[in-house]
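In the two complexes that follow, subunit A is the common piece, with subunit B as its partner first and subunit C second.
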Partner chain A sequence: MGALSLKNLTIHYGRQPVVADFDLDIRDGEMVSLLGPSGAGKTTILKVVAGLLAPTRGAILIDGQAVTDLPPEKRDAVMIFQKPLLFPFMNVQQNIAFGLKMRGDSGDRRARAVAHILALTRLDGLGRRKVHELSGGQQQRVALARALVLEPAILLMDEPLSNLDANLRQEMRELILGIQSELGITTLFVTHDQAEALMMSQRVALLLEGRLRQVGSPRELYHRPADPDVARFFGGDNFIQGRMRDGVFETDFGPFPVEAVSGNGHRRTATIRPEDIQLVTDTGDQPDHLPGTVKRTRFEGMATRAWVSCPSGELVVLTPRSGLSAGQAVQLRLPPEKIRIFPD
Partner chain B sequence: MRALGTRLLAPAILVAVGLPFATLGVWSLAERWFFPDLWPQAWGLRAWRYVFATAGGQVAAALVQSVAVATATSLVSVVVALPAARALGLYDFRGKDTISVLLTLPVIVPPLSVAMGLHLWFIRLGLAETFVGVVAVHLTFCLPYAVFVLWGVFSNYNPDFESQARSLGASQLRVWRQVMLPMVMPGLIVAGLFAFLLSWSQYLSTLIIGGGRLTTLPVLLFALMGSGDRPVAAAVSIVFVLPAFVALLFSARHLGGQSLAGVR
Partner chain C sequence: MADPDAGRDARTRRAAGRGSLAVMLLPALMAVVGLFGGGLFLGILQGLGHLPGAGLSRLSATHFSRVWSDPDFLTSFGLTLYIAAVSTLVAAVISVVAALALSRLVNRYRAVHFVFQVPLTVPHLVIAVAVLFMISPAGLLARVAAAAGLIQAPADFPLLVNDRWSIGIILTYVWKEIPFITLMLLAVLQNAGRELLDVGRTLKADAWQRFRHIVLPTIFPALGAASLIVFAYTFGAFEVPYLLGRTYPMTLPVWAYKHYSDIDLLARPEGIATGILIAGMVAAAVVTAQALTRAARKKGIVL
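Right, the complex of A and B next:
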């Protein structure tokens, strides 16, 4: 129904480059999360795919057909904006039928399609409501319904959950996932929330400052970040400098044996996730452990985050252990298999 | 306390608005009314007979002329102001501040000077003493007003609504007609009404450019007042105010509780 291919997209606002050399392929029926902090260029990319903005360079292909020069209404790609943007002078069903009307569907067909989509998005009975009488969550669902009713080849969602409070967000997330897999609509789902990106899709594309930095499964991005910026975005705050020597990564925190022997003698940066560092409070001398002092702690519910000062630098540790306090002496172990050494 | 205030509000407004009208009404029905009496000594329908019978043709013609001029001015104002205000409200470009100042000029400069200044040009252009000429001189201040009103509307307008409509399959033309127009309609009505009322109440500029050929209601009103016949002037004044009042009520009902700008 719709495979989406973005090739080498470069986008400017005036002279200001916003997105550079963006490449992404989405299989038919797949949902990919486009993740990035605010201002990274996510909305800009969606607008270009939707045809609302022209790229400076590059091509957009739907099922292998270039649509780069088609106006938005001729593209089989529908964008849902961050705000619901329901037309205030129309009721719910008129809003949902808007696209069908533009397409020239008969009144009968429109009514049937609207009724079906109202049920699918759990909006039954709200068809005649005025838009301003709806809650935020209902408005967002109407916006979703208004796009889905067109059965587009490509669905582009711009942070559809960011305006909802936590409980509603969870509900809406399930709804979107359910509908997406039921209808099998190829979807590009934009979010700035890393947890949301990991939950929503089998593949995540990380955009930083207008550049695609890594595409892969949630696990890949989380556990095998391509570079320090990606690691930092996913909350990996520990960076260790060192040198490769004969299958060993030598650092101030100790030597770590590595499998791939490459770049002998070269300086490298490595990272280890806070939750991968083991923390013990026994003061007895433990083999492979680094001594350190807790500088401060923060309780985060399931775990406690501790900033630990070691002789060779500071490390952030996320530990299930409770009762840590500032000034306490602890020992840390950095399991070698959890160390991720970045390629050059 | 609050209930009392609310209950008194409507009568207070009625008195404030109604009193001048009531005075006009009394004057138009006075046959004889000399100082220092608070009430006419004799009542009669002489003034109204004059307005509807003796001078009926003149008044009717002036009414038609006024409606025609004000309607034309209002329509042109709105049609021209809409795209201009849209650009001013939605885009940033060089010279925007200058435009803003230029737009206030006709509002600040007295209509008399504008009309005098334009008169010579209009004579040369063959616009003096014509309908088009009078509408054109009214436009010099009605149009800026309309632009200002709609500028405000468009600076509260979210163009993403249009992008959303495009993405849902509407062409640019249909987006303008079926999304933008309904969204700004309340503001459009207000702008049109402002322009209409402003044109409706013009006297000097109509007189100068129209040269007495174009007799609108205010022009006729002043002529009748000059003769010193107060009851007749009062009756003509009522004829003059009523259509404006009706236009106001009509649009108030039309606007009923809607905000002026599209909801963001």
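Right, the complex of A and C next:
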């Protein structure tokens, strides 16, 4: 049982600042994804929470108790690393029982706990295997079991699936989700994969270059990005400049009525997701449609991505329509309700 | 999958690779087998008493059995074993401590590696002379101690060379072998050790438990292999005990040399037989070291 609270964490490697003013609260039993590109500082934050690194400033609280100055072995948090990092000189059950043994649990208790966790992580029958005889997925499950068996208040996972192949990854996601909700263990799940972050948790925290840029539900981050960088990270390619005037956002692509009237007369930036732009190929002139020419296309399976040149600029469109070709004349509609105007 | 030839193709190529490797190694292999194997063969022959120059030509194992039952041989054997074992043990213990202390530094200061690589290139003989120069009764330490008033005269300095406990020999070996073992251990600690230690910490192992349950098992194969190699070397080495040892008892290699170079040609087979026994010990140690290394590799502990 544990709520995790990270307050104002600032972290340096030597004199190099890596993470600045990081704040995050995770409720007891909640799983939050910490999402960010490689090098953003995700692993660094996990190591600080685990106690393997000390922050320059800030505090870590578990259930309201500051643990910032406690060494990792005194913190009720366990970390799972990107690589399984199993002990090669121990078999599977010895690996899993390691933490229990260090804690001084009796052999009986260890055996019972290990048997239970082997079943939970679908490793039954593999207890006596040597670790180098296991597949990558099995090894990562042993690493998971080795952490879970300690029943820590906080579970920290650092891209545990990034070394697995795609099919296995999906299976492991389901397994982790199932176990996490069954045990109700407070979890900070790190990933660089936006789709993974969105499907793994009710809340996602986006980290860019050591700074927390937005925390919210997957839908919020996806459809209501806080700023252009967040939008760009989630594949938003279309940015439109304009000016607010009397409840209308005036742009080169046309006027868009907006609900909340704010910042009258101010310049603003807006975005619209490629899949939210409607593309039609019949050329009859319609009042709210923009004429354009297809520059190039790319087939992406479920949809085709098209770069469309309009008189007022280029827009990227993701359309289920097939048979588009370069040079083709098309019309685009930008539904006003899909336009996201960034606050100043 | 679609190409039924794919598997055979790969196999053929691998076989070809192995074949050409053998061809490339052949000259070196012939030199090693010819020189070493030929020498060993002649040695065994002479050890069995085939020494036409001395009028001996009947082959028998008597020289081996005479060597075995010679009390002087057993004394020498004991002394050699003592020196090799103590040197190896002391060097191993110090190396473990040194490697642990250095593993943090090495990342920051590449010079640490260099400092440890230099002694590897210094011949044992040079170290032996240096030790002689430092700690013999006429050596530097004795004079400094006398000048500082710690002892009355340099001659009062405790006897550390040509001494009963072979301190000088052991010091030489320890000084020389610590860098070797330490570098072997550092390599392992750098590879796997540090990450596994982080895992151990988050799994609530305290400092002693991490040493006992993670560091020791991680370095054990490398430590064992390095120690066995050192043991084999010190067991079979001649120059250091020849220079720093007492006239009696002598170590086995010195004993073998003395017999072999005796003006009495009849002593020669016993010298050879001793040499072969030494070679057997060394070979056993090396084979065990190899087996340890292979077992460790199989488990995924990088060496």
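Here, the second predicted complex is superposed on the first by the 344 of 344 C-alpha atoms of A that agree within 3 Å, B and C clash if a C-alpha of one lies under 4 Å from a C-alpha of the other, contacts with A are read in each partner's own complex, and residues count from 1 in each chain.
Everything below uses one rule, namely that a contact is a pair of C-beta atoms (placed from the backbone, for glycine too) under 8 Å apart; a residue touches a chain by one contact, two chains touch by 3 or more.
Computed from a prediction, not measured in an experiment: that's the story for all the values here.
Undergrad: Clash or fit: subunit B and subunit C on subunit A?
TA: clash
Undergrad: After the superposition on A, what does A:285 contact: first (subunit B), second (subunit C), both or neither?
TA: A:285 contacts neither subunit B nor subunit C.
Undergrad: Identify the partner contact of A:344: answer first if only subunit B is touched, second if only subunit C is, both if each is, neither if none is.
TA: Neither partner.
Undergrad: Based on the superposed arrangement, let me know which partner A:73 touches: subunit B (first), subunit C (second), both, or neither?
TA: In the superposition, A:73 touches subunit B and subunit C alike.
Undergrad: Counting only touches as set out at the top, which of subunit B and subunit C does A:108 meet: first, second, both, neither?
TA: The answer is neither, since A:108 touches no partner chain.
Undergrad: Going by the contact rule set out at the top, does A:130 touch subunit B (first), subunit C (second), both, or neither?
TA: second
Undergrad: Under the stated touch criterion, which partner chain does A:182 make contact with: subunit B (first), subunit C (second), both, or neither?
TA: A:182: touches no partner chain.
Undergrad: In the overlay, answer first, second, both or neither for which of subunit B and subunit C A:87 touches.
TA: both
Undergrad: Across the two complexes, what residues of subunit A are contacted by subunit B and by subunit C?
TA: 47, 50-52, 71-73, 77-79, 81, 83, 85, 87-89, 98-99, 102-103, 132, 146-147, 150.
Undergrad: Show me the residue ranges of subunit A that touch subunit B in the complex, using the header's touch definition.
TA: Residues 47, 50-52, 71-73, 77-79, 81, 83, 85, 87-89, 98-99, 102-103, 132, 146-147, 150.
Undergrad: Would you mind writing out the residues of subunit A in touch with subunit C in their complex?
TA: Checking each residue of subunit A against subunit C gives 47, 50-52, 71-73, 77-79, 81, 83, 85, 87-90, 98-99, 101-103, 130-132, 146-147, 150.
Undergrad: Which of the residues in subunit C come into contact with subunit A in the complex?
TA: Residue list for subunit C touching subunit A: 192, 195-196, 198-206, 209, 213-214, 217-218, 220, 298-301.
Undergrad: Flag every residue of subunit B that touches subunit A in the complex, lowest number first.
TA: Those residues of subunit B that touch subunit A are 158, 160-161, 163-172, 174, 179, 182-183, 185, 262-264.
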